[in-house]
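Letters are used for the chains, namely A, B, C and D, taken in the order the chains are written, and counting of residues starts over at 1 for each.
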Amino acid sequence: MKISAIVTLKENVLDPQGKVVNQTLKNMGYSNITEVRQGKYFEIQLNENNKEKAKKIIDEICKKLLSNTIIEDYTINIKQ
Amino acid sequence: MKISAIVTLKENVLDPQGKVVNQTLKNMGYSNITEVRQGKYFEIQLNENNKEKAKKIIDEICKKLLSNTIIEDYTINIKQ
Amino acid sequence: MKITQQIVNKHGLNSEEYNKIIKLIGKKPNLLELGIFSAMWNEHCSYKSSKKYLKTLPTKNKKVIQGPGENAGVIDIEDEDALVFKIESHNHPSFIEPYQGAATGVGGILRDVFTMGARPIATLNSIHFGDHKHYKTKNLLSGVVSGIGGYGNCIGIPTVGGEVKFNSVYNENILVNAMAVGLVKKNKIFYSKAKGSNKPVIYVGSKTGRDGIHGASMASAEFDKNTEEKKPTVQVGDPFTEKLLLEACLELMKDDSIISIQDMGAAGLTSSSIEMASKGNLGIEINLNKIPCREKKMTPYEMMLSESQERMLLILNSGKEDNAEKIFKKWGLDFSIIGKTTDKKDLVLKFNENEVANLPISALSTEAPIYDRKWKKALLPKKTSLPQNYKSFKIIDSLKKILMSPNNSEKSWVWEQYDQTVMGDTIQKSGGDSAVIRIHGSNKGVSLTIDSSSNYCESYPLTGGKQIVAEAWRNLISVGSNPIAITNCLNFGNPEKEKIMGQFVECIQGMKEACTYLDFPVVSGNVSFYNETNKKTISPTPTIGGVGLLKNLENMMTFGLKELGSSLFLIGKTSGHLYQSEFLREVVGTKDGPPPEVNLFNERNNGFMIRDLILKKLLNSVHDISSGGMLVALSEMCIRGKIGAKIKIPNKNISSYEYLFAEDQSRYLVEVSEKNKKEVVKILEKNSVYFEIVGKTQKDCLDLEKEFNIKVEELIEINSRWFKSYFNEN
Amino acid sequence: MKSSVIVFPGSNCDRDVAVALEKFKIKNEMVWHNEASLPKSDLVVLPGGFSYGDYLRAGAIAGKSRIINDVIKHAKNGGLVLGICNGFQILIETGLLPGILLRNKNLKFLSKNVFVKVINTNNKFCSNYKNKKVIELPIAHNEGNYFADYKTLKNLEDKDLVVFKYCDMDGNINDVSNPNGSLNNIAGILNPEKNILGMMPHPERLIDPILSGKDGSIMFQSLKK
């Protein structure tokens, strides 16, 4: 099974990367772009056919490794 | 409008980050995880109500800035 | 909103303090005003428990240009040059989010240094973690190290020294202390004291967000189960913006636009504005609608207490605003005139045309409470008899065990993650007794070191405090420099407990004795109390950052052995003090007994002797003897120089173990060429410095007569193994 | 010989490289990234550092700055361009050099002195290295792991465009002497015309015996010729 996880900074947390990308886009002339936030994307191949079980595993590793829940949120998506 | 873009390394390009994450997960005991690929996620706020136009703009900035098309692919998603 | 007892308590103020506030300001504070008091009166900003004792430290001599009381200390390093330096803790944030906590710790201390007009030229750090087997340690260690590197590498200031220690007392309360050093011309130093009323007050740097609100109070509260709730208060560092801020500030400092300048550190806008006004005996008026905000609908309370990073407050000479704005805009930074100085001596805050706070500056600063806390004297631990079995451990096995232990392993796994050579002036990198940085464009250098020894301080704080100052001094001597001054970061538990307060008082007493005797004043520092989690407290851990001067870099010394067939001199007396040694801890497994005493007369005498011999070019290499004792010091010299040695224990009344592993103080191992031997002996004898010749250098192997023989290659392998295997790297 | 060092927001080896150029009597000017055009120069240096924080991809945003167009023009006209560390990353992002620099294989910033073999001395940057094949230089980077597809790599090797490879003290090029995972131990490459050099190690940091060596000097002496 292929699962993706997206890890993003919580809303109130400063995102220096997004800030710089946003500024650069403005400088390049994209004046209608008002905000950019950058996050991490993971695509995970898992030997597990049960969707629920798979989700649980990914949820666990998001908590334990992929994100720092103090400043980050994450969402999980089953791809195939 | 809120649009997201996901930038990932092309399949034949080595992904050192994904590899290390994968190895770490193995060390943590997740033996059924067979591959991890890491990419970047962008969430972009755009002042543009026309979906097609918005998509075109994001496609353009993905090409010009957010990805390096020699080694990376990207996908775009309209969120709201 | 009605201010209830509960709200007062949540702000870390007790009812006595609250009543004092009402008396001082003649009214009940509103919530914003209460928040401002809580920030200014908490331990971190007010030093209410420590002030009485900090005052006893020596802070002046001919070399000191600015002692404690400013953003950082300043010393004279001859010619037109002055050195600015300070150390600061970021313990709690680093425990919650190791990468960002450590990164923002580095960012904060760098701002303290460039606020004074100095270009930062180096950073150092002292980091303490729990037992390496504790489940949190690995993540904390790798997070902290990459955070320190992440910030320093990006901004382009070399990280050139530090220390890493493991001890179960830090399991739930790690220590992250960062030190920054900057270079400035003596006539271009900037201070935080405001001058003149009706001058524009300017905000520059990053925008204000809801970061770290109550961070300053958090740093002063014990951890407990509710820490979870406080979590979103962690700040994210932006070293790129700090680099821009650094360059912009230094550019503006070229002329005389700035009257005073202050970084927004702990308690952000609140403490920076109040400190500037208080020092200048002025008032300040701020229009909060002018604060550049990152988030929507921020309240005055949030703006005043936010700890967003990479921000500064300036007071400019009237008429200089436009030019200043141009500079900050060029660097892509926010610039906003947010208010003015006044002669009313009040802090006045306006928001949407209303006055939202009005407080006398003195109530917030000079009138803040000071406590004379109760404290208990520590008892000097008895010299119980050493465990019967200690001689059953083979010497070679003991040596290996010490060299392989996390605390005594070589730390390149750590320092290779730090850019040590950017700026092109790093003459001695991490790994030596002190780092040495060349003063740009000259042939002189400064030596830098950072040290702590919590085991000694835990055992007997008075001696521990003395010892750690002496050790910093010795490290600076060992590279051939003249020690000048120190900064200190005092990491302790809860000062409301008599035992902890006693540790604090007595450590300071010891530090004071050593600093005074060695003419080694304290020019800046920081106190971090409440390093406790669920009632478990850390060992008292004063961290000392020492700085020295090398007038001529040609006289710089290193500790790697240099040539075959030269003699090894052990300078200083070995009485065989094994208590509190690495040998007993790592090999035998006991922690009893007193730490080794420091004889300050010998300390100074031996140190000056070593320095003179270096200046006379009579020594090949010098290493001070510290944790692990003589044999560990010698092994390190072999490892560094890739040269062996053959030694013999002089006929003694003490056992080989005592001779080789004792941690008696004020000792050095030095390498002397055959051709200089006579001369060195003569000088040492003439000056009544105690010494013994313990052996000679040789190829490839370290030999102890009749005991063991080990290849230097093997020593290298043993000493560099631990970190790699801990992180599964090979 | 006249040089220009481009200063991007976040560059941090700009001063270091200027010091080195001046030490070897190359007349140098600092050029702000936002300038429209370069002053007259024979050599343009893109210095190390973290331009724009390296926040998107190392070098990506600098590759979009105003001055870059003129740098590209200078390069296409045969002018010399030297990109060190972040400068190498920028050259890659602008397409002046092929391939990509990925995160180091162990995902850690890596700062230490390494040995490097000079493979090609037949260019303006390295002509003085002739007699010295194994040199010591510091590296300090997060993203120095050179990667390219098979064709690109083969082209680099076949046309002799690889200038530096990581090696050990004795010149052996192997996995053990590869600090960051670069393909074929690549540490620096040229364009086919050999007027553009991108390299990860920092020659400007070893120009003085007191800095633990001076193997970096030789490059500046070559350029001075």
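Assume a contact is a pair of C-beta atoms (placed from the backbone, for glycine too) under 8 Å apart; a residue touches a chain by one contact, two chains touch by 3 or more.
Here the structure is a predicted model, which means the values were calculated and not measured.
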- When A-C and C-D are ranked by contacting C-beta pairs, first place goes to C-D
- Item | Where subunit C and subunit D are represented by their mean Cα positions, the distance between them in whole Å | 36
- Task: Could you give the separation in Å between the centres of subunit B and subunit C, each centre being the mean of its C-alpha atoms?
- Result: 41
- Note on the structure: Per the C-alpha means, the centres of subunit A and subunit D lie apart by a whole-Å value of 33
- Task: Any chance you could list the residues of subunit D touching two or more other chains?
- Result: 52-53, 55-56, 61, 64, 106
- Task: Note the residues in subunit C that touch 2 or more other chains, in rising order.
- Result: 238, 240-241, 332
- Message: Where in subunit B do residues touch two or more of the other chains?
- Response: 64-66
- Note on the structure: Checked against the stated definition, the touching pairs are A-B, A-C, A-D, B-D, C-D
- Query: For subunit B, which residues count as touching subunit D in their complex?
  - Reply: 12-17, 20, 64-66, 68, 70-71
- subunit A touches which residues of subunit D in the complex? 52-53, 55-56, 61, 64
- Message: Give the list of subunit C residues in touch with subunit A in this complex.
- Response: 96-97, 99-100, 206, 209-211, 231-232, 234-238, 240-241, 294-295, 308-309, 332
- Can you check the complex and tell me which residues of subunit D touch subunit C? 9-10, 12-13, 15-16, 19-20, 48-50, 52-55, 106, 108-112, 138, 140, 142, 202, 204-205, 207, 210-211
- Item | Contacting residues of subunit D [partner subunit B, same complex] | 56-57, 60-61, 64, 93, 100, 102-107, 145, 147, 149, 181
